[in-house]
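Got some structures for you, see below.
Shared chain: chain A. Partners: chain B in the first complex, chain C in the second.
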Partner chain A sequence: MIEVREITKRFGRKEVLKGVSFTAEKGEITCLIGVNGVGKTTVMNAIMNLTPIQSGEILIDGQKINKRSYEKIMFIPDAITMLPQMTIQQAMQFMDDFYESWNEKRAKELLDFFKLEEGNKISNLSKGNTAKINLLLGLALDVDYLLMDEPFSGIDIFSREQIADVFTSHLVEDRGVIITTHEINDIEHLIDKVVILNDGTVVKSFYTEEVREKEGKSVIDVLREVHLQ
Partner chain B sequence: MNITFNKRDPLYVQVIRYFKEQIATGAFEPGEEIPSRRELASKLKINPNTAQRAYKEMEEEGLIYTEGNNPSKVTKDIEKIASVRQEMIMEAVDAFVHAIRPINVSLDEVVGLIEAKLNEEQEGRK
Partner chain C sequence: MTNFFKLLRFELDRFFKLYIVLIVVTIVSQLAGLVIISKLYMRRAREEIVVNQNSMESFLETYGQFSLANLTHSLWFFGPIALCIVSLLIYVFFIWYRDWFGKNTFIYRLLMLPTERLNVYLAKAMTIFTMVLGLVSLQIVLIYLEMNLVRLLVPRDFRLDLTIHEVIRSFDYFNILIPDSFLGFLISYGTGLMAVFVLFTAILIERSYRLKGVFIGGLYVAASFFVFISPLILSEIFLPRFFYPIEMFLLEVFAGLIVMTGAIWLGYYLLNKKIRV
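The block that comes next holds the complex of A and B.
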């Protein structure tokens, strides 16, 4: 489990996170949602220790984040970090050299799943296919937790559908996933839990099936209520 | 397999309803193998935990059964299947009565209309 407890973050005078708390379980897909600029990416960066926080703490399987945490967790940013002149094969090789947890078999399966060829250069890929490769490079690692920043942003509908299909497949397996998005429509049926961020705090967090069962509301209904408040 | 989900009912409940319809109409035959929870999640594009929940409930209700590590199967219990069919019919009748009551039609008129409609549909199928 990833536990985020009362974390705060300031950029200069601007308080971006004002005591954010939530948990993300293994075997579940947790969705951090909110309009742009509410601090979703900052939360991700804080979990990865890429940005120092002012207060609060983050625990992974009960341990404060430390060097060893990085064997358990992978962050997939919203844009690919590989050099554009690399081929997919070279990018995969780079990951293999760099990460002990690289799982070649899963990487090949993902390549098949997305119907992509290893020989293609990253610079020649469409936006949608670049997003798929970006995701593949993270998903192929044998880590327990995956953080994905806006995996559906700015790509065509069919690529979005293909990426969404990965989440229901064995390729994600029983890992813990946190994704950020500002667009819930495509993935309403795929996620276990929603954490709504607004103005630097968690305004609501809930299980999607529970809110349907107990309140007869869709995820969008709940989001609408929060935004109209 | 295709379910048009509405967004406000729990998905696991909608999955169970779909299975009940298939079982009641015989589209899923007694003893027939059903997809694994992962396959179902992929086919319906739903969270695997939701598929798992639906299967767990159906197993508890006796709609499906699992022996050892084998794939789950549709119940062979004829009485159970008959009761599912009865349940589906009653649900449809309830919904119909609920819809028709405010319009104030007599029983005779309604029955006549139902008969005519059913005949018409049957003709249409031939």
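The block that comes next holds the complex of A and C.
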């Protein structure tokens, strides 16, 4: 389980996170939602120790993040994190060189799934294919948790559908996923839990099934309510 | 350790193309320079002796014998060396900043590797160090080549054969780049490596605290420099003629080790606790 406990974060004088707390379980897809600039990416970066926090604690399976944690949890940011001059094959080789959890078989499977060519240079890829490569490099690791920052941002409808299909496949099964997205329509039916961020705090956190069954509301309905308040 | 070497190989690969360009420019410039300078010298000799009917002795008295020192004092020789030094100095900054800026933010990948983040820092420093050693080695090999080439281009009577030590001494800054003793090597390259660590840590301070970090980083570099030269200040201002040379040397080594260890420790701390993508 990923536990985010009362984390605060300031950029200069601006307090971006004011005591954010939530948990994300293995086998569940947790969606962080909020308007632009609310601190979703900062939360992701903080979980991965890519930005320092002022106070609070983040635990992954009960432990603070350390070098071994990166074999257990992977972050897929919305920008490609491989060198532009690399080919897809070289990017995969890089992952294979450094990660024990790299699963070559799954990587090949994902290449076929996304219909990508190993010899293609990363700099020549379209926005949609870049997002797919990002996803491939994360999903091909045998990690327990995946963090995805805006995986649907700026990509065409067909690539979006293809990426959304990944969430219903065995590729994500049994893993804990934290995802941030504005394209809630694409994955609403896939999400288990929603954490709504506003003004640096968690304003609401709920299981989608509960809301659907007990209140008959969709995630968007709840979001609308929160924003109208 | 394995990850350190993997990172080192990776960083070396990233610099490889530019490195090859530097090597080719150095080789071409120095060898072409030697051919051109020696040809000019021999043409002048021919003009003086054959056309102007001067004796060889009077020519040699006026122009001196040709030696590799003629080359080492020319732009053909020190131009590419200066280019290599400037390129490597720029690369000390570029090796970090390119991972943050641009379309592809590779720093995410580096910081999320399942290895000590200090390995990234050390691999980058070792890349710079290896590059410097590689270029210096190339220069030594080139000097040997040039010594042999001079023998082919300039007749015995017109040339003065220098030993490698004499060639190195003929070019002022060579004593720093190619010291003539192991101790000299330790001093030159130890100081160089320390400077790289200090600059790396200053860059990480800037990357951690951004605008405020520019100021803090500047202060840190100044403080490191002050600590490094503190034995000199002590002996020059406060305790003149108090220390024996060997004591001064040991104090300087100690100060250098403090600065170097401090830079690595601070780099480790920043990478683990303060760095921002």
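What to note about this one:
By definition in this document, the second predicted complex is superposed on the first by the 229 of 229 C-alpha atoms of A that agree within 3 Å, B and C clash if a C-alpha of one lies under 4 Å from a C-alpha of the other, contacts with A are read in each partner's own complex, and residues count from 1 in each chain.
By our rule, a contact is a pair of C-beta atoms (placed from the backbone, for glycine too) under 8 Å apart; a residue touches a chain by one contact, two chains touch by 3 or more.
Since this is a predicted model, take the numbers as computed values, not measurements.
Look at chain A after the overlay: chain B and chain C fit there side by side. In the superposed model, A:79 lies in contact with chain C only, and not with chain B. By the document's definition of touching, of the two partners only chain B reaches A:190; chain C does not. Once the two complexes are laid on top of each other via chain A, the angle at chain A between chain B and chain C, using C-alpha centres, comes to 160°, given in steps of 10. Within the superposed three-chain model, A:212 lies in touch with chain B and out of touch with chain C [touch as defined at top]. With both structures placed on the common chain, the touch criterion links A:35 to neither chain B nor chain C. In the overlay built on the shared chain, the residue A:169 is in contact with chain B alone; chain C does not reach it.
By the touch criterion defined above, A:157 reaches neither chain B nor chain C.
After superposing the two complexes on chain A, the shortest C-alpha to C-alpha distance between chain B and chain C comes to 28 Å.
The residues of chain A shared by its contacts with chain B and with chain C come to none at all. For chain A in complex with chain B, the residues that touch the partner chain are 27-29, 164-165, 167-170, 188-192, 209, 212-213, 216-221. Residue ranges on chain B touching chain A, taken from their complex, read 5, 7-13, 38, 41-42, 45-50, 53.
Put simply, chain A touches chain C in their complex at residues 45, 48-52, 67-71, 74-75, 77, 79-84, 94, 97-100, 122. Note for the complex: chain C touches chain A at residues 3, 6, 10, 14, 102-106, 108-109, 111-117, 208, 272-277.
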